[in-house]
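Single-structure report; data block below.
Chain IDs A, B, C, D, E and F follow the sequence of writing; residue 1 opens each chain.
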Amino acid sequence: MSVVYVTRRERFNAAHKLWNDSWSKEKNLEVFGKCANPNWHGHNYELHVTVKGTPSADTGYCMDLKDLKDIVNDKVIEPLDHKNINLDVPFMAGKMSSTENIIIAIWEQLEGPISETGCTLHKLRLYETENNYADYYGGE
Amino acid sequence: MSVVYVTRRERFNAAHKLWNDSWSKEKNLEVFGKCANPNWHGHNYELHVTVKGTPSADTGYCMDLKDLKDIVNDKVIEPLDHKNINLDVPFMAGKMSSTENIIIAIWEQLEGPISETGCTLHKLRLYETENNYADYYGGE
Amino acid sequence: MSVVYVTRRERFNAAHKLWNDSWSKEKNLEVFGKCANPNWHGHNYELHVTVKGTPSADTGYCMDLKDLKDIVNDKVIEPLDHKNINLDVPFMAGKMSSTENIIIAIWEQLEGPISETGCTLHKLRLYETENNYADYYGGE
Amino acid sequence: MSVVYVTRRERFNAAHKLWNDSWSKEKNLEVFGKCANPNWHGHNYELHVTVKGTPSADTGYCMDLKDLKDIVNDKVIEPLDHKNINLDVPFMAGKMSSTENIIIAIWEQLEGPISETGCTLHKLRLYETENNYADYYGGE
Amino acid sequence: MSVVYVTRRERFNAAHKLWNDSWSKEKNLEVFGKCANPNWHGHNYELHVTVKGTPSADTGYCMDLKDLKDIVNDKVIEPLDHKNINLDVPFMAGKMSSTENIIIAIWEQLEGPISETGCTLHKLRLYETENNYADYYGGE
Amino acid sequence: MSVVYVTRRERFNAAHKLWNDSWSKEKNLEVFGKCANPNWHGHNYELHVTVKGTPSADTGYCMDLKDLKDIVNDKVIEPLDHKNINLDVPFMAGKMSSTENIIIAIWEQLEGPISETGCTLHKLRLYETENNYADYYGGE
């Protein structure tokens, strides 16, 4: 019973800003710099979703990546793509839209639906730019 | 006197939306789809700036790429990076922020300052995503 | 009236072999080496389709890339993706499946439908691997 | 005695299809979709082979990557490159050619020869496309 | 208190050679091949620095990546970029300049300054070429 | 008789410095900055060689890319790879080792041998880094 880790890459393009409502404009600009531009900026985010499982004898699949793609599109890409992360995304409401907080929120969206398929969500990677990215394994 | 084409890549992250003010909301959403999301979306834009020249006997350079980098940062990256292209960028005021119009406007920013150095701006390439990009040679 | 060149990237995964039916097996293996493996091999092909036009005052678009994507998918990706180029693709019937011949055949599929939209097909690039690719401008 | 993980990337181009011989054609097409195209399709596979070791005081190497390259080429690339994975590859005989099963079979090819060098095979990554890939650590 | 892993990518261009001073020229060339070219060769190295932390409630950051960038530039990129690793870099003095030894030395430069910020250095990845790279987790 | 442009990518890793022997050390450092580091630095250069031809009816090839690879390796990669461009490369002797001058010198190495095959060298692209590259079409 060999465990294999299988990854699907998806992408979304979104606007956001880093802004702490309990701070003054000056403090926001001091801490977040250009990431606090009041009129927003944006990114081409790239998300890698890794599930863990053992290949089925019938299909050779841990999980049909078409099914994984459908779950990721339904739960993550549809709500985030071509949206404003701070304003338009229910599962980000009231949260700072840092890469760290976005990746934790995406995990919460995906963990249940993936476990219902019999596979286990193992890891997320979220690229904000080619130079900055975050990894998350459920918090441990 | 050999002509060589030299390119510098720079990047900027910006918010925008496609929206024609003379149209109804319905028509904007019909034509531009998710690109017309009222609260904006955004991209990691990647810009390639190509100049044309003959290498100097003293330096082997057509143009010192540090100088080209400085011009591009001053005239293009600084005004666009971490900004809203529709709201924050003087040279895009009143223009649809399509990749086509952005690349034409960037050409107008760069052509003069580069020609003052004795080199000639030859080509721009602007990636909006890994799947969509535009090239511009000054309009011909 | 500024001419801008706009590109859409699409991908397809296909099997093929290089085999000249008028030659012996020995000659095929001598000329084409491992590319003549009788049981086929395959590639992740990457296609860049560049159209030429002037941006519309209403949309800022030379051509809506969703429309270009639909044409490319309908005329090229659907017939080629997850297919055997030698056996399954009507527009490659009777042709050697070299990158050169595939790119010429793709041009013939796309030139008419793109010109019906008012834009002009300008260039194709087809990657067979990260090290080998072809460009085509309609034959000139 | 510091443990370092060293990786060599290699590539192979191969044809395959997903097909369960104990199923009807209809069921194969239903489950595997276009991946069950009877005349095959193919991919540019990209393999990352990671070994674990401590750098030698004499060479600074955990393992000479030329030696690792030779082992990977001999045991994996030569049997798979420009081949049909279902028909031509002894170590895949009788197995579904999913990315999961291919990566497990590659591990079995490499584990012994690498351990004979005094290093330990730690991880494999196998890309089927830029969007789909598998990781394997020997089954745990 | 969710642990997130955050990565910053930086690059440096350096010359080096693999050469064991206690060996003859012949033995160096035999063991290291072209990597022992007496007049040096060089690489575009790419470094990924991963820190581990829990996002701050105020900022959403594990660590401000501008601070991480500054530490990496000060301790690693400045000493290595456009330098000869064997001759110019104090923290590599007397060490074979293999990717393995460079990554260990970079860890020693970064571990202290990063822990002073309250975050923990978790992993380094160092690409010597697109085909060869090393990972390091502090030696375990 | 359709003209197709076919490209082969090859890579080499080399040391160099920018240094004008007729200038003082101070002037070299002033003009070339860190590129004038006396003990050299280096790069992973990436070269794209594009030939122009019409596909053969027998093979579908403009030029067998194995032949192009052999010519490029023999005339360019072998002399440059793991070498010091200023000291070890006969065809760069007495020239500033700027990307511009290297690409012109590579053209002179390749133009004759490629034209002997019946194809025409059309274009070279040489990447010094992911941000800086040069194109050359023979000087026009």
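Keep this in mind: a contact is a pair of C-beta atoms (placed from the backbone, for glycine too) under 8 Å apart; a residue touches a chain by one contact, two chains touch by 3 or more.
Treat the numbers as computed from the prediction; the structure is a model and nothing was measured.
Q: Tell me the fewest steps from chain A to chain C, where a step is a jump to a chain it touches.
A: Minimum number of steps from chain A to chain C: 2.
Q: Which chains lie in contact with each of chain C and chain F?
A: In this structure, the chains that contact chain F and also chain C are B.
Q: Could you check if the interface between copies chain B and chain F is built from the same residues on both sides, meaning over half shared, or from different ones?
A: Mostly different residues.
Q: Decide which interface, A-E or E-F, involves more C-beta pairs in contact, and give its chain pair.
A: Counting C-beta pairs in contact for E-F and A-E gives the edge to E-F.
Q: Compare the contact pairs of B-C with those of each option in E-F, A-B or C-F, and report the one where over half match by residue number.
A: C-F
Q: Roughly how big is the turn, in degrees to the nearest 5, that lines up chain D with chain E by CA atoms?
A: 120
Q: Express in whole angstrom the distance between the two chain centres, defined as the mean CA positions of chain C and chain E.
A: 41
Q: Centroid of chain A to centroid of chain D, CA atoms only: how many Å?
A: Spacing between the chain centres: roughly 28 Å.
Q: I need the residues of chain D touching at least two other chains; which ones are they?
A: As it turns out, chain D has residues touching two or more other chains at 130.
Q: What's the complete list of touching chain pairs for this entry?
A: Inter-chain contacts occur between A-B, A-D, A-E, B-C, B-F, C-D, C-F, D-E, E-F.
Q: Which positions of chain D touch chain A when the two form their complex?
A: Touching chain A: residues 18, 20, 31-33, 95-101, 103-104, 130-140 of chain D.
Q: Which residues of chain B touch chain A in the complex?
A: 11, 13-16, 34-35, 37, 39-44, 81-84, 87-88, 129-130
Q: If we count contacts the way the header does, which residues on chain C are in touch with chain B in the complex?
A: Of all residues in chain C, those touching chain B are 1-10, 50, 55, 58-62, 65-66.
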